[in-house]
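Look at the two complexes coming up: chain A is in both, with chain B in one and chain C in the other.
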Partner chain A sequence: MSAAAPSRAMPRKAGSTIPVLVITALIMAAWYAACLPMNNDLPQLARVTGLAERYQVSWALERPVLPAPHQIVAELYNSTVGTRLFRQTADGMVLNPRNLVFHAWITLSATLLGFAMGSLLGIVIAIGIVHSRTLSKSLMPWVIISQTIPILAVAPIVIVALGSVGLTGLVPKAIISAYLCFFPVAIGMVKGLLSPDTMQLDLMRTYNGSTVQTFWKLRWPAAVPFLFASLKVAVTISLVGAIVGELPTGAQAGLGARLLSGSYFGQTIQIWSALLLAALLAALLVVAVTLAERLTLKAMGSRP
Partner chain B sequence: MSTAPANQTMDWSWRLQVLLAAGSAGLALALAHGFAGLAHWSALLALALALAATMRACRRTARLRPADAASQKLADLIVPLLFGAAILVTWEVLCVAFGVPTVLLPAPSLIAARVATSLPTLGADFVQTVIRAAIPGWIMGCLAGFAVALACDRFDFLRRGLMPIGNFISALPIIGIAPILVMWFGFDWQSKAAVVVVMTFFPMLVNTVAGLSAAGHLERDLMRSYGASWLATLVSLRLPAAMPFIFNALKINATLAMIGAIVAEFFGTPVVGMGFRISTEVGRMALDMVWATIAVAAIAGSAFYGLLVLIERKVTFWHPSLRAR
Partner chain C sequence: MSEATLDRPEAQASRGHDAAGGVIDIRDLSLTFQTADGPVYALSHVDLAVRKGEFISFIGPSGCGKTTLLRVIADLEQASSGTISVNGLTPEQARLNRQYGYVFQAPALYPWRTIEKNVMLPLEVFGMSRAEQQARARKYLALVNLAGFEQKFPWQLSGGMQQRASIARALSFDPQLLLMDEPFGALDEIVRDKLNEQLLRLWAETRKTVIFVTHSIPEAVFLSTRIVVMSPRPGRIIDIIECDLGDNRTLDIRETPRFLAIAQRVREGLRAGHSYDD
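Our next item is the complex of A and B:
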């Protein structure tokens, strides 16, 4: 690193902790400051005079237009740690529907199932596209067009159509998630499977390697880093799919249902806490995929 | 090789193959409608024939090596069209032949008929959702993301602080803020546009910041040696170099805008709009109307995307991925 290099050429990692903390603090401060103007029209604030008192009231309202961050965290704490996790029923112990963990689990199970199905579908499509010229020319344009369609709009149909043949609950939501997340996997895997260069492919030809051998010994290992990059995108949109899949039918359980019931009854803090939990879940899923990526790449002998 | 070898141009035998596929597809459709709901063997046989013929035609067309570029482009267009037509015909024939209930899956002809008879309703929904909510929101979100990206570029502290947050937030299920924004901005299009703004902001921010560092060191050093200011370097070097990234974000956002506008309507709207139509007609089990709305949404989304691709080709004509054609 020469001193003359312009600052933008410096490695990006150089000290971004402090800026992130500062910006986060600024956002939090702006949020707290915004609580009063946003909630100004509520009747609870009408009788209060004095700026400090007004702010104190605006941070502790029951159904605020904009709740203060600590209210959201407190609600999240109360509805997860502060509520009984299990409930005694006739069938034995089940997860308590009053606990947010119950709803998170409902959504998470649909997310994971859909993620598995969609990733598998994406990989299969990519393998087909890479190995067949006809498929790559006929299917690839439709794979891309399928994404320009607002797919989430199809969610209600999938739920109702599958419901009419007796499939309800987990599977329809998982199918919506799968439909959403096959695309990044397919695109990434096509790129990855095509990433070995001509020289490597020629080497396989000189060894008289069959298509299958070339696939397992060259194309697949070369595609694994691309696969994980796509999986990180796929797992988050799979969560979005599961949440949206819970909206149109007025589902009773799941984070999407919490959002919907919160918006019906004006329970803003409930919406925000469900949202925060969804964000935590998304972060957790990405971290899990990243860990799996590290372990796999390490097992494959790549050096970071 | 000056001329393409036989069997690789659009000669009479290729035309015959395509005609055969179209003919057998027509036969399958006619038989299916003739024996509607009976799952008659003749319709299924004709469908199998049509699929086999279409697959052969697809494979043949994919291998075409016409002499001139225009024919090659045409061939590249025909393959996916054949494939799409085959799927539509299969859908129609199976739905009609087996008498699949409309609740499960209406036949394409039913959906088309529904589109034709409810054009005014669909048009009103389109205006409410796309013209009033999705496009204004898309424009505002993209402009805001672009402006903040420029600020991040100018002030490195802001970039280092905001980019990790932006990357994190773009991985979150942002659509979940829809109920909150509907509460804040009311049931009409303003709240939908607001959802679209939030959804499109972060992809634009992240992509533009990445694009602004895409210009090569050599070119940047050249600008420095000219004594060019930040603004001059930005306008004449770094923004053009960032265009592929910016268009990437514009395209991603086009899809997100449609999704955001439609899904936000699930949380409450005036009695018009695509999301409203979908959620109410699903409740009334009028699935053909839902499919008609989705067809309109699909066409609108694809047209939006296609328009952006066309503009991108004009703007980034210099990019290797386009010159390779």
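Our next item is the complex of A and C:
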């Protein structure tokens, strides 16, 4: 097919697939190769001789230090597709906590709420900074300082403090998530709202356009591409924030809780599968934002 | 920069002068920019009166203050001293009353708006009805020969077409004064010739007062009724040349002795005011 392709884009596309596949294969090979040395000290391997046999055992351990990729995929499959999704309770059908989808949904809901709150906050801060010199001088340092504080230190404080006033569950996690993700949005939007050039701004001035009109007709649309670039970063760190928010509670639910309980009980495969699902979730979120970006920019007449 | 209102009382006082048909009245106007390297005298003691319906060109080398003078008229810069009135108002009042249309060096179309929506931008800002906006956009796009391109986005048009759209946008609210800052400077010679002809036709149809900044001598002579020759360091007017080539000019006029004589005088003016040695 690529030989017959008339356009120049086709061979380039094919040319990028092969390197990706090669790198993936290399990583997989290295991973499988690493399973034996990583798990070498486990008792199950003590009496096995012969390199091939030792490798085979190292790829099928129950609680390995490093599980093999296929073990992780199998665990992910069993804990999602292989487990009942719903459970009958007195309140009717609910998501089954034994299914990883339940935990993914808990984390995703905190992520989405945090993402929405953080993005909104970031946009509001950016609007304030762009329109008020006082705000730009007083707020900007705090915006930057907020990100120098390690989130792992802040998260328990937020969870405990909010818990003491009766706020538990979704909202505290969303707040931690928002705390992380407002930053790239604020920075990106300040840049975006300031992106119109002198001529575009002078034009509004010659029309005696108000600040509000200049904002909606010029600054905001000019900032939209910047907004989406920021949102792509923000949405992934929102997920990180939600997972981090699930750790200090000793959590019962969520991907963070699975990571935590997995490490308590040495269930490495469970940790890895939760990790893989988190990565898939992040990828899904980025794809969703990218899709929204493409549709929006297309409607705004950007060059295809 | 301070928006000091030092020239406002005088501007009020000069109303009588405007009644005689003056659109712009500039007296002893100076503008000094304070920079880290000391003051820059962008404009020095400029005197100029523009009558209704004139086509005036400001010509001069870069740094002569021709764009700055246009921006002072448009209230995009404020003079340091002297008086200026636009339609009997201060430049600020004139801007607040939307008395002029401004065409920039680049089309400055908003890339997320279709051509039609770009032309409708000022009308939206003024709060005109949707139907009126659309009717005017169609009318003025047709006037600059862009009928059929309403739904295109700016990047789908050539540079010349984009600049024509920006002229339609400046005309859309029918200002009596058109300020044009090297609108065709970035275009190639052939497109520029064509647009010059169209602009003359447009001017003949609408009889607006046009102030046109350029650094091209043929362009200035071809278009103008009067040419203001300017010189840098400090920015000042060194000659004002009547350009009486009559109406209905075509590009052929550029071969006539009268045209060449005027162009020669402009060139001499530029040479006298500007040392090419430095």
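Odds and ends about this structure:
Rule of thumb we're sticking to: the second predicted complex is superposed on the first by the 289 of 304 C-alpha atoms of A that agree within 3 Å, B and C clash if a C-alpha of one lies under 4 Å from a C-alpha of the other, contacts with A are read in each partner's own complex, and residues count from 1 in each chain.
One rule holds in what follows: a contact is a pair of C-beta atoms (placed from the backbone, for glycine too) under 8 Å apart; a residue touches a chain by one contact, two chains touch by 3 or more.
Since the model is a prediction, treat every value here as computed from it, not as a measurement.
Of the two partner chains, chain B is the only one touched by A:Val240; chain C is not.
Shared-chain residue A:Lys217: touches chain C; no touch with chain B.
Once chain A of one complex is fitted onto chain A of the other, the partner contacts of A:Gly209 are limited to chain C, with no touch recorded for chain B. Looking at the shared chain after the overlay, A:Met117 reaches neither chain B nor chain C. Once the two complexes are overlaid on the shared chain, A:Cys181 sits clear of chain B and of chain C alike. In the superposed model, A:Leu108 makes contact with neither chain B nor chain C. Touched residues of chain A, counted separately for chain B and chain C, are more numerous for B.
Once the two complexes are overlaid on the shared chain, A:Val57 sits clear of chain B and of chain C alike. In the overlay built on the shared chain, the residue A:Ser302 is in contact with chain C alone; chain B does not reach it.
Once the two complexes are overlaid on chain A, none of the chain A residues touched by chain B in the first is touched by chain C in the second. On chain B, the positions that touch chain A within their shared complex are 55, 58-59, 61-63, 76, 79-80, 82-84, 101, 103-105, 156-158, 160-165, 168, 171-173, 175-180, 182-184, 213, 217, 220, 224, 254-255, 258-259, 262-263, 266-268, 274-275, 278-279, 282, 285, 287, 290-291, 293-294, 297-298, 301-302, 304-306. For chain C in complex with chain A, the residues that touch the partner chain are 74, 76, 95-98, 100-102, 104-106, 108, 110-114, 121-122, 124-126, 153-155.
Within the complex, the chain A residues that touch chain B are 6-9, 12, 14-16, 19-24, 27, 38, 65, 133-134, 136-142, 145, 147-154, 156-157, 160-161, 164-165, 232, 236, 239-240, 243-244, 247-249, 255, 259-260, 262-263, 266, 268, 271-272, 274-275, 278-279, 282-283, 286. Considering their complex, residues 197, 199-200, 202-209, 213, 217-218, 221-222, 224, 300-303 of chain A touch chain C.
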